[in-house]
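Next come two complexes, and both contain subunit A; in the first it sits with subunit B, in the second with subunit C.
Entry: the complex of A and B
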C-alpha cells in the first residue's frame, strides 16, 4: 500500500527472537513475534492495533521505535527510511522527539527515584525543546495543567500518585518533546474503567490541540474502536486485517475480527445470540501453524486453510483481509 | 495524593540501627576531634605498665605511654584507612558494576571474569606481599584494601543493574532520547544506591579489621598509631601471656576493633532493612 502522504510507512517488517538452545547442535529456532507486517499511518489519523496477548503488538511498536533491532523489513517516516534509526545523530534526535510512546504500566514507566519535574524536564533538555532548566520547568508546569494536574506536582515523587495521575504524567513527559506520532501501548488497560474513559478523552482532546497522530495499541476492541479511525488486527505476529472504522461491522471481515467484535460488551439486557467464543489459546509463536495462522481456532476453517497461507486482499476500498474466504475464485464459485 | 512513610520513619525506629549510628558517630567524633585535645603519644615516660586509673584511663604500656591516647590516635587512623578504602573501592567497583550489568558483550564478560578472579584470590597473603613491596605507609594500606574490596561493590552494583535494566522506565528513558551515559549514571545509579550504600558500610567495617591484621603483622605504618599497632607492640612484649598480666594493654584496642566492626555492621544491616520496603518490620 504505497502512500506518499503517509506519515509512517512500515514495509514487510519482521522481528524474530532467538530461542535459547538446550543442546549443542540443536537447530536455532526463533519466536516469530512480528512477521512481514506492512501498513501505513496518515498524518492526523488514529490507527488502532488490536490482537490477543502475544500477538506481537507491543513488539511491533518497539521495533518501529528502534527500542529493539528489527530482523528484516523497512520503516519509513515522512518518506525517509529510518529502519532501526540508522540515521545521522541529529536526525536520530529529531526522530526520538517526534515519535513517542505512552507505556502500558503507569507504575513501572516512571523512575521511582526521580522527581516528576526532573523526569519531564530531562528529555526536553536532552532533545533541545528547552535550552535552560528554568524554561523546561515553565513548560512542564504549563503542560501539567493541560492534562489536568496541579503544577505543584513538579516537586513530588511518583509513589505519591494514583495510576490515572501517573499515566497523565507519562503523557506530559511524552508531549514535552513535541511529538508528531504517538504510540500508545495498552496505555489505558492498567487503569480502572472510569479512569480509562477519562484518559481516552484526554487522548482525543490532545490530538486536536497538539496535531498528533496516534498508533493506539490494545487488546480490547471496545476501547480501541472508540478512539481509532482505522483498525489493524494482528494475530500471532501477522496482520490479519486492516479496516476502516465503519467496515469493522461489515460482512466481509476476517473471522478473527468477527470473534473480537462479538466479544464487545453491550449495554443491553437482551440475550445475545451470536457471540463467537474461540476455542483454545493463541498457539506458540516458535512453530506457527502452516497455512493460515488462525486456522486452528477458526470457526470457518476450510481444508485449504491449513495448507496454504492466504494473501492480503482488498475486499472493499481501504479494507484489507488475509483470509481464504475472500479469495476471488472462491467468490466466483459461490 | 497519598504520603507514604519514608526511610527515616523506619530508620529512627530501628533499635540496632540507632545503636550502630551512635557508635559510628562516637568513633567519628573521637577520631576527628580527639587528636586535637590529646597530644600524640611519643617517646617514653617512667609510668610503665600502670593499670587503669583516674590519671591514665586505660592504663599505660611498657614505655609509659597512655593507652587511651594511643587508641584515640588509632581511631583517626582507622577512620582514615576505612574511608579511603571505601572511596577507592567505590570509584573502581561502582562504574565497573554498572557497565558490567548494563551492557552485553566482551567488556561485560571481562569485568565479570575480573570480579570472579578477585573474589577467589587469597586476600591476606596477597595483601601482605603488596604491603611488603609498596612499603609501609597508612595510605598504601588503604590503597591495598580498596583494590581488594572493589569486587564486592562491583558485584552488588551489577546485580542491581541487571534488575533495573529491564524496568520499563529505563526503556521509556531511551525512547525519550536520553543518552546512554545519562541513563546509566543517573537513572540506573540512583536506583542501585540502597544496597550499594549498605555494602559500602560493610567495606568500611572489614577495612578496619584487615588494617588491624596488617599492622599486627608489622606491615602497618610504624610512625602512626593504629589499633593493630598497639596490639603488635603488646604481642611483641609478651603482654598477652606474661604474669602479672597487663590486660588493659591488649584488651582495649581489641575491644575497639570489635566495637567499630559491630557498629558499622549494625548500621549497614539497619540501612538495608529500612531501604528495602520488605525489611521494614
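Entry: the complex of A and C
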C-alpha cells in the first residue's frame, strides 16, 4: 500500500481509553476504541469511513488530528511523521490549518454570541491567511458566496440560520484557512433529505475548486458510497474492509459489509433480495471478542473465527478484507 | 374493508404569545384500512408528528384545532372527553416514540412498566396472568430469555433492546392502531433492520400501523400506502406503487431524486433549491411554490385542490388541473 504520494498515512494507530476502576486491586481494563488501524489517503481522493455507533470512527479522526493523544502507532502527513502533532510550534500551526474538521451538529459548533463573519475571520487572522481585519472580511465575503450564502450574512448571528445554512457556515470556517485535507464527521447526518443533497453537491464542487482531499465519516452507507472513492468499513475499533466504492457489491466483501448493504432500506418498490438481518448488538469494546471482532454476529462464522483473528488480505486489486473466508485455501503454516 | 382511522379535512395551528394563531396542518385527509400500514413522510417541520399527536390527543398546550374530524373506530376523537380518551389511549390506540432512551422510567423494572399498561386497562387480571402476558409480549418482539429480563432495569438494555421494550409495551393490549413516530431514527442500520423486521411481522398479527418517518426507504419496506406531507399539507397520497413508481407532485419527485441510494451515479445529485418554510413564513397559494420548478402564476395565489390522478392516487398541484375529476 505505501506509496510516495499518499497525503495522509496511518500506521497501526491505536487508542485505548482506561475504564475507571471500582476496586483497588482490580486489573485496569480499557475501551478498545481504535485498534491497529492502518490506511492511507491519496491527494485528491475522498475516503469514506463507515461503521455503526461505537465502531471508533470519530475517535479515529480525533486521534489523527491530535485532539486526543494516541496510545500507539504513527501518523504521517506528506511523508512526515506527525503523530500527536509532536512537531515544532510553527509546524503545528501549519498542520492545524492544513487539516480541518467539519462537525456533525451545525447547532453546537458555532458560538451563538459571535457574528458569522467574526467566527470565520478569526481563524484566518490567527493562522496568517489574512494580515488585516479588512482583508479577512473581504476573503470571508468571497467564501460565503462560494458556498451559496449572501455576503451580507457576515454581520448576522448563528440563530438566524437554518441547519443547512449553519452547515455551510461551518464549511466556510474550515475553508478559511486554506486546508488541504478535510475531515467531515457525520457532516450531513443532521440535515433534512433535500438539504443533505445540496450540501453533498457543495462538498463535491468545493473539492474540485480548492483541490481538497476528504475523509468523510458517516453511518449511512448510501451517502458515504455516493461521495467516496474508497470506503473503509470499521467494526469495534478495527478496520474490516477497505474497498473501492464500485466493489461494494463484489462477491468478495466482508460479511459485515454485506449485512450493512443489505440493511439499508431502499426507497423503491423493486422486490428485495433476501435480506441479511444480523442478530444481537455491537458488543462492548471493553472486552472485545477473541478472534474476529464480528464473529458473534456473523452469519458465516466458522469455528476458527472465534479463535484466531483474521489478517487483512488483498482479495482483488485495491480491495482489502479482514475475514477467514478469504484465507488462501492451502494455509500451510500458522 | 372498514377504516380504523379517518382524518377528514383536519386543520390545526399554534397560538403565539400575543394570541395570534398561525395555521400548520391544513385540510389533512387520509384513512387507514384495517390491517394496513400507512406511511407519513416529510422533512422536519412538515407537521407529520403533529398529525400523530393530534390523533393521540397529546398536542402541546399552544396547539389549536381549527376544524375537521379525526375518526377512530367511528368515533371523533376530537369530541371525546379526557376520560374517554384515557380508556382508548394505550389500549385500542398506542404509540412508539423516537427516543427509546428517554421514554422509559429508569427506576422501574421493565416488567412492571409493560405490565402497568395491561393492568390499567384490564384491572381484573391476576398477577400471574399479567406476568405471563408480559413474557409473551417480550418474546414476540424478539427479546431472548424474557423471564429473566422482565426484572431488569432500562439501563441494562441496549438502544435496540429498549426500542423492543417500547414496542412490547405498545402492543400488549393488541391495539387496533399502532403509531410509530420515527421508531428507528436513533438506532444503527443493522438494529434498524431488526426492528423493521419485527414491525412488519406485527403488522399482520395485530391491527394497523401508522408509520411517521423522514426515510422513504423505511416506508418502501413496511407500508402499503403513503402520504407525502410538505409544510402542513398532505400534498400527495396513494398506494406505495403509485407514489414510488409514478410520483406526480414536483416536491415528491424532487425528494425521491435527491436521495443518494446504493445504486446512484456519481454525478451531481438533483436538488430542491431553498429550504422548508416554517409556520411563520407560509404564504397564500401552494406552500411549495417558491421552491417549485414548475411554479405558475396561480400557484402563488390559490392553494391547489386535491385531484384524483389514478385509481388510488391523489395529488394537490396546479399542474394537474383539468385532469381527473375534482375534489377528493
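Note that the second predicted complex is superposed on the first by the 326 of 334 C-alpha atoms of A that agree within 3 Å, B and C clash if a C-alpha of one lies under 4 Å from a C-alpha of the other, contacts with A are read in each partner's own complex, and residues count from 1 in each chain.
The rule is simple: contacts are C-beta pairs under 8 Å (C-beta built on N, C-alpha and C of every residue); 3 or more make two chains touch, one makes a residue touch a chain.
Nothing here was measured: the structure is a model prediction, and the numbers come from that model.
Aligning the shared subunit A places subunit B and subunit C next to each other free of steric conflict.
By the document's definition of touching, of the two partners only subunit C reaches A:198; subunit B does not. The wider contact with subunit A, measured as residues touched, comes from C rather than the other of subunit B and subunit C.
Look at A:93: by the touch rule set out above, it reaches subunit B but stays clear of subunit C.
In the superposition on chain A, contact of A:41 is made with neither subunit B nor subunit C. Legend: residue contacts after superposition of the two complexes on their common chain; A:171 is shown touching neither subunit B nor subunit C.
In the superposed model, A:31 makes contact with neither subunit B nor subunit C.
Once the two complexes are laid over each other on the shared chain, residue contacts for A:114 go to subunit B alone; subunit C is not touched. Using the contact criterion defined above for the overlaid structures, shared-chain residue A:159 touches subunit B, although it does not reach subunit C.
Vertex at subunit A: the C-alpha centres of subunit B and subunit C lie 80° apart in angle, rounded to steps of 10. Nowhere in the superposition do the C-alpha atoms of subunit B and subunit C come closer than 9 Å.
Comparing which residues of subunit A touch subunit B with which touch subunit C, the overlap comprises 165.
Against subunit A, the residues of subunit C that register as touching in their complex are 43-44, 158-161, 188-194, 196-197, 214-221, 240-241, 244-245, 254-256, 258-262, 264, 266, 268-273, 275-276. Residue ranges of subunit A in contact with subunit C, taken from their complex: 52-53, 162, 164-165, 192-198, 200-201, 204-205, 219-223, 225-227, 248-249, 259-269, 272, 275, 277-278, 281-282, 297. Within the complex, the subunit A residues that touch subunit B are 62, 65, 67, 92-93, 96-97, 100-101, 103-105, 108-114, 122-123, 126-127, 156, 159-161, 165, 170, 173-174, 177. Interface residues of subunit B, counted against subunit A in their complex, comprise 1-4, 167-169, 171-179, 182, 187, 190-191, 193.
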